[in-house]
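Chains here go by letter, A, B, C and D, matching the order in which they are written, and residues are numbered from 1 within each.
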Amino acid sequence: MTFFGQYDEALSPPERHLVELAREFCEGGFSEAARRARVAGTPFPREWIAAWAAQGMLALQVLPEHGGHGASFTCKVRVAQEVARCSFAAAFCLNNLQGQATRISRAGTDAQRSRLLTGLIDGSILAAPSMSEPGGGSDLGAIATTATRIDGGWVVNGTKDWVTNGTIVDFLSMLVRADENVGLINLLVECGTGASLSREEIPLSGGVSFRLARMTFRDHFVPEWALLGATGNAVGASMAAVNAARVHVAAMAVASLHSALSETVQYCARRQSFGCALLSHQGLQWELAEVSTRLEAANALVFRAAQLVDRGEAAQTAAAQCKKFAVDTAIWGVDQCMRAMGAIGAHDEQGLALQLGEVRLAAYADGTNEMMLDRIGRGLARNYGAPAGVESELKGAEGKA
Amino acid sequence: MTFFGQYDEALSPPERHLVELAREFCEGGFSEAARRARVAGTPFPREWIAAWAAQGMLALQVLPEHGGHGASFTCKVRVAQEVARCSFAAAFCLNNLQGQATRISRAGTDAQRSRLLTGLIDGSILAAPSMSEPGGGSDLGAIATTATRIDGGWVVNGTKDWVTNGTIVDFLSMLVRADENVGLINLLVECGTGASLSREEIPLSGGVSFRLARMTFRDHFVPEWALLGATGNAVGASMAAVNAARVHVAAMAVASLHSALSETVQYCARRQSFGCALLSHQGLQWELAEVSTRLEAANALVFRAAQLVDRGEAAQTAAAQCKKFAVDTAIWGVDQCMRAMGAIGAHDEQGLALQLGEVRLAAYADGTNEMMLDRIGRGLARNYGAPAGVESELKGAEGKA
Amino acid sequence: MTFFGQYDEALSPPERHLVELAREFCEGGFSEAARRARVAGTPFPREWIAAWAAQGMLALQVLPEHGGHGASFTCKVRVAQEVARCSFAAAFCLNNLQGQATRISRAGTDAQRSRLLTGLIDGSILAAPSMSEPGGGSDLGAIATTATRIDGGWVVNGTKDWVTNGTIVDFLSMLVRADENVGLINLLVECGTGASLSREEIPLSGGVSFRLARMTFRDHFVPEWALLGATGNAVGASMAAVNAARVHVAAMAVASLHSALSETVQYCARRQSFGCALLSHQGLQWELAEVSTRLEAANALVFRAAQLVDRGEAAQTAAAQCKKFAVDTAIWGVDQCMRAMGAIGAHDEQGLALQLGEVRLAAYADGTNEMMLDRIGRGLARNYGAPAGVESELKGAEGKA
Amino acid sequence: MTFFGQYDEALSPPERHLVELAREFCEGGFSEAARRARVAGTPFPREWIAAWAAQGMLALQVLPEHGGHGASFTCKVRVAQEVARCSFAAAFCLNNLQGQATRISRAGTDAQRSRLLTGLIDGSILAAPSMSEPGGGSDLGAIATTATRIDGGWVVNGTKDWVTNGTIVDFLSMLVRADENVGLINLLVECGTGASLSREEIPLSGGVSFRLARMTFRDHFVPEWALLGATGNAVGASMAAVNAARVHVAAMAVASLHSALSETVQYCARRQSFGCALLSHQGLQWELAEVSTRLEAANALVFRAAQLVDRGEAAQTAAAQCKKFAVDTAIWGVDQCMRAMGAIGAHDEQGLALQLGEVRLAAYADGTNEMMLDRIGRGLARNYGAPAGVESELKGAEGKA
């Protein structure tokens, strides 16, 4: 059974077909385009977003009644892995777009769906979620961007940071601070071309394909229809989304390592050294065996968590565990692969170093290792049977993902 | 969902009942008896074998037509985990006995079944497998114990080492070297009380409950009916058994760590230090969060491999990966738990140090880490898509598990 | 240059002679006696304390004017390493005794020296330091044992825990809480044979040679002359001593691993497997190469810190770093050695498992890893050049070692 | 005592002055220039080579009688660390140039010195060593570049790979294969501008400052005077040089991590999160404490090995150990630092990710981890006291560094 195939049995036949479609898409030119862009130090070409949309992929989890595939989370994870084998950054960005289509389909109002959903599905409207701010990182309590109520909507002031696809998005679903007695709300903010928004690309030499931007709003108008989800529920909805996002990032990190290990094994089976194939040297073989072992463990954690998400069961701890373990494993593992190859492993044409540059950013997406450890730590007493009542005495857990 | 419960859904209702029975057995006195024996430095009392048999547990995987439960491998793994939470060594030994009943039920002849099966099930006959020898470790090619054909059977000469339950077993299923053109065969050797067999207990301070022995045979007679399995197939059968055994050891190591982590979390939630519960200190919380993450990863690998075994799919690599990872994780993890508790973690009454002494022996059972890495390493080219034909060129794989 | 010899050049010729003496002592019967005791599960025989004293070793750091060798701390470390190669526990205990002679010589009053020093040097009086208590671990602020002023001295009430050599000591230098406006003081408490003191041996199967005890005092009288050091200085003196003690424990852990690695390399050079020496297998060779690398790193940290102690420079961070790294390395490394040997590594006669059982206790002595990390962490801002004033704003450091 | 200062006491006052000069050089504009070049993805500007030479730094180890400083190896290491704190790649390249001046001074003929030494010192002649070839990596037995004897010299044919400063060097000291009965020799090959040499820059996105090139020679003439060192001694001389080079690379990797840790600690002391400085969070503090511990251990190994080199003692094992440990620690440690900062750690302006890109290449320079493990492994039997004669039986060691 193939590495990825072992978890595909959980998919329905149409879902398996979608995974197959994604694989073919990557083999059909995208993979090479992503590689060339990386070597050139440019983002992967934007037209591949349209090509991906043309395959129906941005509607992966959109509800069938809205014209989507209604695929399971596990299916989404597998599709993301196929793309991540070519490029972690591209997979991240394509799925980020898809996530916004899903969100409008499932949590949007009719008005929002009629205005945005077709565009989000066909790629003519690009959207991204946005929580982080310059001063606050992942501390939601520190969100300082404000939405002030005016006639017919809000005006938004403040700066959002680390926005994925930020240099090209048309809409943001932004977490902003409304009046004091309302708290945080989610607004679908059209970016437009006016002076009330300025974008600044974030320079990350290894990560240009994330198209990250810092976006500053000054008296930026947002109309009435843009409120996403019920008032009072914005933090909860963001937190729920973040669990799935963590599993998703973990899945892509695993896929990226799988791709690196495959290339490395194949290279080491061909390359001769001291009279035999590199892969025949026991020491090197053991190093790669260790990589494969942790890779399998990471993938097993990913699909365990994905299953919980699909069932609607509590996935906070499982999501944090798989993100922590998969990201650690991928960063360590791709490095091991590069080294096993010798200096050729660092060569741009070979690509592992560049792929590693992208995967490293997984460490920050949807919560750092430190946040994962906090999250897992807060569940220890409950998960390992401490006497009732102890957990609530433990130090602060409020407002953390 | 509880830690172990998450994989129980794969079991049938009768299988879940068996797991429940095992849990109750442990809580009903066995757990405390095992603990006391460990503190005293003696093997767990032998009468618990009879008590376990009286629950029908030695017939766990015996075929229904022979009076057994016919349980799946995944069920066996879960039962073993329940016992291993109390004592890794006891779980190992009880399951070792059970494995012989299963083997006779599934691979024995009618004659063998009629002579042995009832006794193996009710615990009045204790049996163990035996491969290792003093000079050879896990190198089957080096097996030097001979079975010389005589009228009515064989005479056996040689020494077997590291025999589990060796100080008390009545029968061994021994891998021995027959005439040159026959090679290795499996014989069911009755130990008896005569002078043709001497047993020497192997002194392992932390592992007396394994009751390991070195057993030396001198012109020891074995009758005709004792040949187990077809001639020519003995190595293959042993190798197949070893895959399952590795998953099994891994599962017990995981359970042992789960038990240690649970005790540690509970202790640290109670114990005050510098004004608050130990578990409230972020640094310590993160250390235990890391333990729980790897614990989950190890368990996920165990059940992935168990599923392959149950389906009859190729499990060599998966078994080696889960054994490697689970044993590393358990030894490291129990150590982390002990340290988190402070010096009390080393205290006999607390028991973690003694439990760790037993778990450490998992590193040797059914193949060391080094053998696992060789096993995984030999599959790299096939599993990660090297061009066809490469693997067979790689260095030596014959006769290794 | 030999492993240990590389740092001996820092010693004076008489100091080198002392190291040589210690080595000969170990080879001359002590090593075998310690091994046999470990296998038997008993403390090493008490008469070896007298033999060690007879060599003048308990006067190692006693001032020359008091009849001692006045050896440097680096010399003490090297002597301890020679003993720790045979037995970590015995080295720990012998040096603990020696430390009390040194303390009375250097910090005692004339009265204390005239009463105790000869006995502490010739081994007829055994003494130990004592800080920990059942409820408090290493939190000095939680010390609850009281010394109430009465005519002619104090009466002491309370329980001290984890006292090294506690089952045999004649005197304790105890940190106790005097009247409120006095705070903690150090008293030289004669244990005697009366009812005012009860001792309870702490059961640690692997660590009986530490002779650890919990000691409970009820209205135990201590005379006037027993006050050690100036009032108000007791915590400071204890903290200063603890830095040296950490380096010392680290040094012994390193030596214990050196001994394990040496045995393992020699075994693996002899033992044949699959047609050649175990040590010829590249994978195993690399595993042991990694052990040797970290072993050298740990030893280099030890002697860097020892040099700071000898020069009287600030050694808090260096001591914590070498303890953290050496203990982690030793526990991991001895485990690696055991595994490399195969199951024989767990055998009592071979001794590595038993040695590991002792070394594990290094994790608790003079501060756990967690305390080391706190200690190092508190120095980060100062050691890595944060702007002045930042450190003092950082969270609580008072009363911690 | 400062981190680096702790080993400066081993230097003479003039040597300390050289270290000080290097520090001032870096602070005086070079540091900022190197940073800007990294962000721009270009090599650091070539004029800094001349500036460095103008400080006399390329004569660091040139013999005093040839106009150099005659500095010790330990001094060279400290100077390299000062530069590596700004840029690992620049430090590597400047010291590579310096090494050629040293070599000609110490091992060259009068003719070679009179032709080259002034230029090598003032930076008007740039030279590099060259061993690796496309097919062979570090396997000297596989060197295929030939030097065929003709009247007045040799003609050289073949390709050298991974040449440091390869895009700009004027001379190579090349290891080439002469006639069969001569074997490998070292030639000082002038590169010139003719058609007999073509250079191809090696694309390494993160490592352009190494200016690596593949250089192909076709019937390239080399005159008589260019033979460096005695015939028959070329491999030996290359191997001796490689030990020092490994220590040197290790030292620079350590310095690079020191720089990263300093920046991180300072950032985390300033940055607020959840109401206090990041550095006040115990978990993060412990992570950085662990980094600092391993950093100190790596540095201690570096200076232990440097001392052996300076004394002319056997340094093969010590050099391999410090390279292995320092490179592992630096790659892991800079990654930890980047993560501790949160996403800002990946930002180009911050620079850690770009610095890590350079440090990663330390893994390949002067021998990979795998070669280090082989080297250390081959010394195990000798260093840990196996019975005499065992080592020579162990598997192949010839022709390996």
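By definition in this document, a contact is a pair of C-beta atoms (placed from the backbone, for glycine too) under 8 Å apart; a residue touches a chain by one contact, two chains touch by 3 or more.
These numbers come from a predicted model, not from an experiment.
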| item | value |
| --- | --- |
| Most widely separated chain from subunit B, with each centre as the mean of CA atoms | D |
| Rotation angle (°) superposing Cα atoms of subunit C on subunit D, nearest 5 | 180 |
| Distance from subunit B to subunit A - Cα centre to Cα centre, in angstrom | 41 |
| For subunit A paired with subunit C, centre-to-centre distance based on mean C-alpha positions, whole Å | 50 |
| Shared-contact residues (touching 2 or more other chains) in subunit A | 281-283, 285-286, 370, 373-374 |
| Contacting residues of subunit A [partner subunit C, same complex] | 281-283, 285-286 |
| Partner subunit D, residues of subunit C touching it in the complex | 1, 3, 6, 261-262, 265-266, 269-270, 276-277, 279-280, 282, 285-286, 288-290, 292-294, 296-298, 300-301, 304, 308, 313-314, 318, 321, 324-325, 372-374, 376-378, 380-381, 383-387, 390-391, 393-395 |
| Of all residues in subunit D, those that touch subunit A in their complex | 39, 41, 132, 135-137, 139, 141, 162, 202-207, 272-274, 281, 283-284, 287, 331, 335, 338-340, 342-343, 346-349, 353-354, 357, 360-361, 363-364, 368-370, 373-374 |
